[in-house]
Amino acid sequence: MAEELRIGLVGTGGIGRTHIERINTRLQGGKVVACSDPAAAFGMSVAEKYGIKGFENPLDMINDPEIDAVMCTTADPYHEEYVLAAIKAGKYVFCEKPLAPKAEACKRIVAAEMEAGKQFVQVGFMRRYDYGYLQLKEAVDSGKYGQPLLLHCAHRNPDVVAGWDNSSAVENSMVHEIDVLRWLLGEDYATAEVQFGKCTTKGVPGVQDPQIMILTTKSGVRIDVESFVTTHNAYEIKCEIVCEDAILNMPQPGYISISAGTQCARKEHADYVERFGDAYDTEIQTWINATKAGYVDGPNAWDGYCCQVAAAAASKARDTKSVVEVVYDPMPDFYKK
Amino acid sequence: MAEELRIGLVGTGGIGRTHIERINTRLQGGKVVACSDPAAAFGMSVAEKYGIKGFENPLDMINDPEIDAVMCTTADPYHEEYVLAAIKAGKYVFCEKPLAPKAEACKRIVAAEMEAGKQFVQVGFMRRYDYGYLQLKEAVDSGKYGQPLLLHCAHRNPDVVAGWDNSSAVENSMVHEIDVLRWLLGEDYATAEVQFGKCTTKGVPGVQDPQIMILTTKSGVRIDVESFVTTHNAYEIKCEIVCEDAILNMPQPGYISISAGTQCARKEHADYVERFGDAYDTEIQTWINATKAGYVDGPNAWDGYCCQVAAAAASKARDTKSVVEVVYDPMPDFYKK
Amino acid sequence: MAEELRIGLVGTGGIGRTHIERINTRLQGGKVVACSDPAAAFGMSVAEKYGIKGFENPLDMINDPEIDAVMCTTADPYHEEYVLAAIKAGKYVFCEKPLAPKAEACKRIVAAEMEAGKQFVQVGFMRRYDYGYLQLKEAVDSGKYGQPLLLHCAHRNPDVVAGWDNSSAVENSMVHEIDVLRWLLGEDYATAEVQFGKCTTKGVPGVQDPQIMILTTKSGVRIDVESFVTTHNAYEIKCEIVCEDAILNMPQPGYISISAGTQCARKEHADYVERFGDAYDTEIQTWINATKAGYVDGPNAWDGYCCQVAAAAASKARDTKSVVEVVYDPMPDFYKK
Amino acid sequence: MAEELRIGLVGTGGIGRTHIERINTRLQGGKVVACSDPAAAFGMSVAEKYGIKGFENPLDMINDPEIDAVMCTTADPYHEEYVLAAIKAGKYVFCEKPLAPKAEACKRIVAAEMEAGKQFVQVGFMRRYDYGYLQLKEAVDSGKYGQPLLLHCAHRNPDVVAGWDNSSAVENSMVHEIDVLRWLLGEDYATAEVQFGKCTTKGVPGVQDPQIMILTTKSGVRIDVESFVTTHNAYEIKCEIVCEDAILNMPQPGYISISAGTQCARKEHADYVERFGDAYDTEIQTWINATKAGYVDGPNAWDGYCCQVAAAAASKARDTKSVVEVVYDPMPDFYKK
């Protein structure tokens, strides 16, 4: 492998271009040297914009010997095809979350990886690299505060992208909590439920907002997550962990305080980029480093599968207004550490 | 009526004696001039301690012409008898919460008051007089932040009194939220549910702690309340109101910050007296003032009834692991403002 | 003495009327039963307003046998005359700060009290009763944080009263710090200095604002106090104590937080009444209680004298742009505890 | 110039090695490809440790055609020699602060740069790249809060390095404030003064700690800076800016809050690395980027000179217990933007 990791990126939409800029101007040890998109012409135009090689066909790029590793940032339904291609080509692949929309597709990726005899896939759950969650995990894992009993979380967005519907709160927004809380607590989920709060009159017509997802873990920890996606104010991520011996809470945003007009105010985060920009950097840098060293360090294909199983259970719970069990396949030894 | 309100107190346990001291050493315009207790000898000994008149029989005190108004601070099951006696005697009565353990008993008090043709009863829900809740209510009522959609509340105690069981979280602890949130939102409840978190290993053997109560209001606001009664740390009351246009949160405790040992710390409230001491003062002073002016100003018998209806629904929900409807009698015109 | 302390108040301006209302509607154990003012007709009209007895001549009121104790809330130059009259009449007197504008006048009061053989005078330094300063003093006195080395204080006002000039920052505003910090540290001052910051363009024409007063104590603690009296924003009192082993800071105001418009804000205090209202209540209630018990509990005439000595030194330092020594008479045994 | 900036580092002590690791493992676009030290053997051993080229003689490295740019991280007295050598070699040089201990030496560097006809030198004042100061500067520069009038700053260290003496507070610690506040306010200083607080009993024997430096700017802004270097607790940097229309304050550290043991606590920064680690990264990355683009972007040689002039004035003020004027040479057009 070349000294600098030569990355081919497939999926040149917003998040893809963000990653190109991140890797090529801020991070170290890798370069996005080529890109491609299922919409071939679009991919080529982005390649031209960044002065990197364009491939009409993403599969050609993935298989090109000049490409050491793959980033997959396409629309979700395309993930499976390109991730499988990367595995087949024996190349490490970073796939934006979700690994695939359906758990069955995730399982096919898991199967391919196992057949290849080696882990190649990392899924883009960047919150595991966030300074706030990392501190919370360290505190929980220290055992100093007793075991966690309850988690109260909130995921608040100023506004949503086009096409947002009732299923999006679970599948596009709270899916982040589904992954990061499983990692934080180090255990799988047992049940999922979704309840609706009073609906804002200032949201997307026809869409229920806010929604509350309730998860329980196998050991009995109860989690509630508020998803409120049209606050028209700040982007806010809350995570309060009620342990036997202490209550743990997320850090405050690192903004100056301004006392004026008879109030003392501090800016809140404007959006997920402002909130998690550093986590993205750390995530991708860590992936580059691990890839060059020849292993998968972050959330892997099995994590990607587990996340979709829980998301599917939560979606079913929402649609059926019931508590739904989260049932995973047994974890293969292949993924046990 | 004498210039200074002459109060007879029945129930000389801890909260009763606290009120005697409060009224006789800090507040203005009233005096506890006599006391009594269902345990006659105990009541007489407390009277002697404070240098006030003792009555062997609480009913004699209530009916004594030297007594202008009554405070009832007995154990809950005795409330009904003494409150009814005060109504019959045509005297204003302040009754500690709950008005009576059963909604049916509350209804008998309501009926007696209506028959008497005048409101005499105030129930001791002191949180309505707390600076934090008052600010939250003012903010909600201002309409500046849009309608409330969700409430996230917590009620955390360092430890519990003897005899605490699985029903106590709803009936002794979260009953405060049941009253104050109905007042804060200005509407009745529609449903109640109780879910259990993972149980602390450091609580009362056999008692589930923490517990989560979920209430919805008639307009659809969703409320979750965490009750965690054996934190072994601070006493903490949280109330976060998610409105369409803002998130509102309780004030921080008014303690100095101390930066030492590589951390910056601020004391938390030690117990409910430290947290709500001012609210108790305001509550009782307001009651004295209103009583002298000849009207009921605070939470009345109907509020006391409504609270027990919702608490009973929550208890049933807990025992049956189901969502239970909260069904009130229609509000009599007598209680409409 | 009657069961209820019968108070005669001289000086029926704003602060005087506030105290009448405070004592007669909120506090316990005393009543303002009469009032008077150097402007006789004004005093009589206030008496009528509150339905209490008016005296044309304040001295007649002070000497009236129906008056148990005196409050002096006149303009500063009148304090001496009425305080001396109260001492002569053998009556406890609460005198708003300053005891008298000049240290010499304070010494005459001290002398009169010593001649009378008993302390009668309390000076209205209400900050000693503030929950914030009390906590800071408790922390300092605990010895847990080592000895204090530096104090950083600020005294910020939205705006000033008419007639404010360059001397007012020390004499009307920072005089509060002069008293409360001497009490907090338990020692006298050694030197005073006043420096000017850049002058706001939005203040009183011709008046330097902000100003910085630097005090040192006899043991060497260095104090800086910012006085900024035309912030046009909040009323803010800061007090940061740098100890050998910890940094101590004032509590935050007890207001709810509101997250809206991409910021999280908390109201600040609007004025000194909002900030120190509770301290005034505690101060006066404590004075009533001590007066009925027959002793002086709060800041006494000697404190009043010491404060004016330091204020005079600071004023001289400001006018001469130099560091001025603070030189007190030796404390008479009469005032030693 | 090569695609990747080839950096030669002179001065392989602690800060130098930190920069090697920073550049070679985290930043982008440059590599420390060689190092050297005035203590030749030591420099060679560090080179070996990092697997980069070692030079016995730093001047040989600076003049080597394989070196594009120079980092100077030697002990302060050596800065001048190597910076001058880099200028002579026509190479950009990043010099850790101070540019040189004496203002006269700084002037020789300024003169060399002017003679060379081009700016080559950046001085390592990393606070200008700190998220906190950047926000404060943006707020001040916005003009939204009126002009700054006062600054209250503190610079608190858990402990000091060996050899700390009375002059170190100004010259090693508050020199950071001297640079960053001049940048923040955009103007030069007029006067300097140093006052001593009460001395901690837990510091370095014979060294006065804390110390207070008072600076005024040409427009009249008054700045006080507390230096307390043996807190034995956290590392804390405060900067409160009192503007005509608002009070601005530094962000809080981004640590989780932990409520346990009846207090709510948040970790403080442990040391300057934890507090300013991100600022160092940004500083060096920005320097690499600007160097490759062919210009000096950060604090330049003139800034380095100005800083030493003010530091010398503060030192003289401390030694003479007087207010000392800060007198700069007129700024050459060469440094005007």
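For reference, chains read A, B, C and D in written order, and residue numbers begin at 1 within each chain.
Here, contacts are C-beta pairs under 8 Å (C-beta built on N, C-alpha and C of every residue); 3 or more make two chains touch, one makes a residue touch a chain.
Worth saying up front: this structure is predicted, and the values here are computed from it rather than measured.
> So which chain is farthest from chain A, going by the mean of the CA atoms in each chain?
For chain A, the chain whose C-alpha mean is farthest off is C.
> Using mean C-alpha positions as chain centres, tell me how far chain C is from chain D in Å, no decimals.
That gives a centre separation of 45 Å.
> Roughly how far is chain A from chain C, going centre to centre by Cα mean, in whole Å?
Distance between chain centres, rounded to whole Å: 59 Å.
> Taking the mean of the CA coordinates per chain, how far is chain B from chain C in Å?
Whole-Å distance between the two chain centres: 38.
> Find every residue in chain D that makes contact with two or more other chains and list them.
233, 236, 245-247, 259-260, 266 - these are the residues of chain D that touch more than one other chain.
> Examine which chains touch each other and state the graph shape they make (line, ring, star, complete, other).
Here the contact pattern is complete, since every chain touches every other one.
> What part of chain D is in contact with chain A in the complex they form?
These residues of chain D touch chain A: 25-28, 131-132, 135-136, 139, 145, 245-260, 266, 285.
> Considering only the defined contacts, which chain C positions touch chain D in the complex?
Residue positions touching the partner: 146-150, 152, 154, 156, 195-202, 210, 212, 214, 219-222, 224, 226, 228, 231-233, 236, 242, 244-247.
> What residues of chain B sit close enough to touch chain D in their complex?
Listed in rising order, the residues of chain B that touch chain D are 158, 233-234, 236, 259-268, 270.
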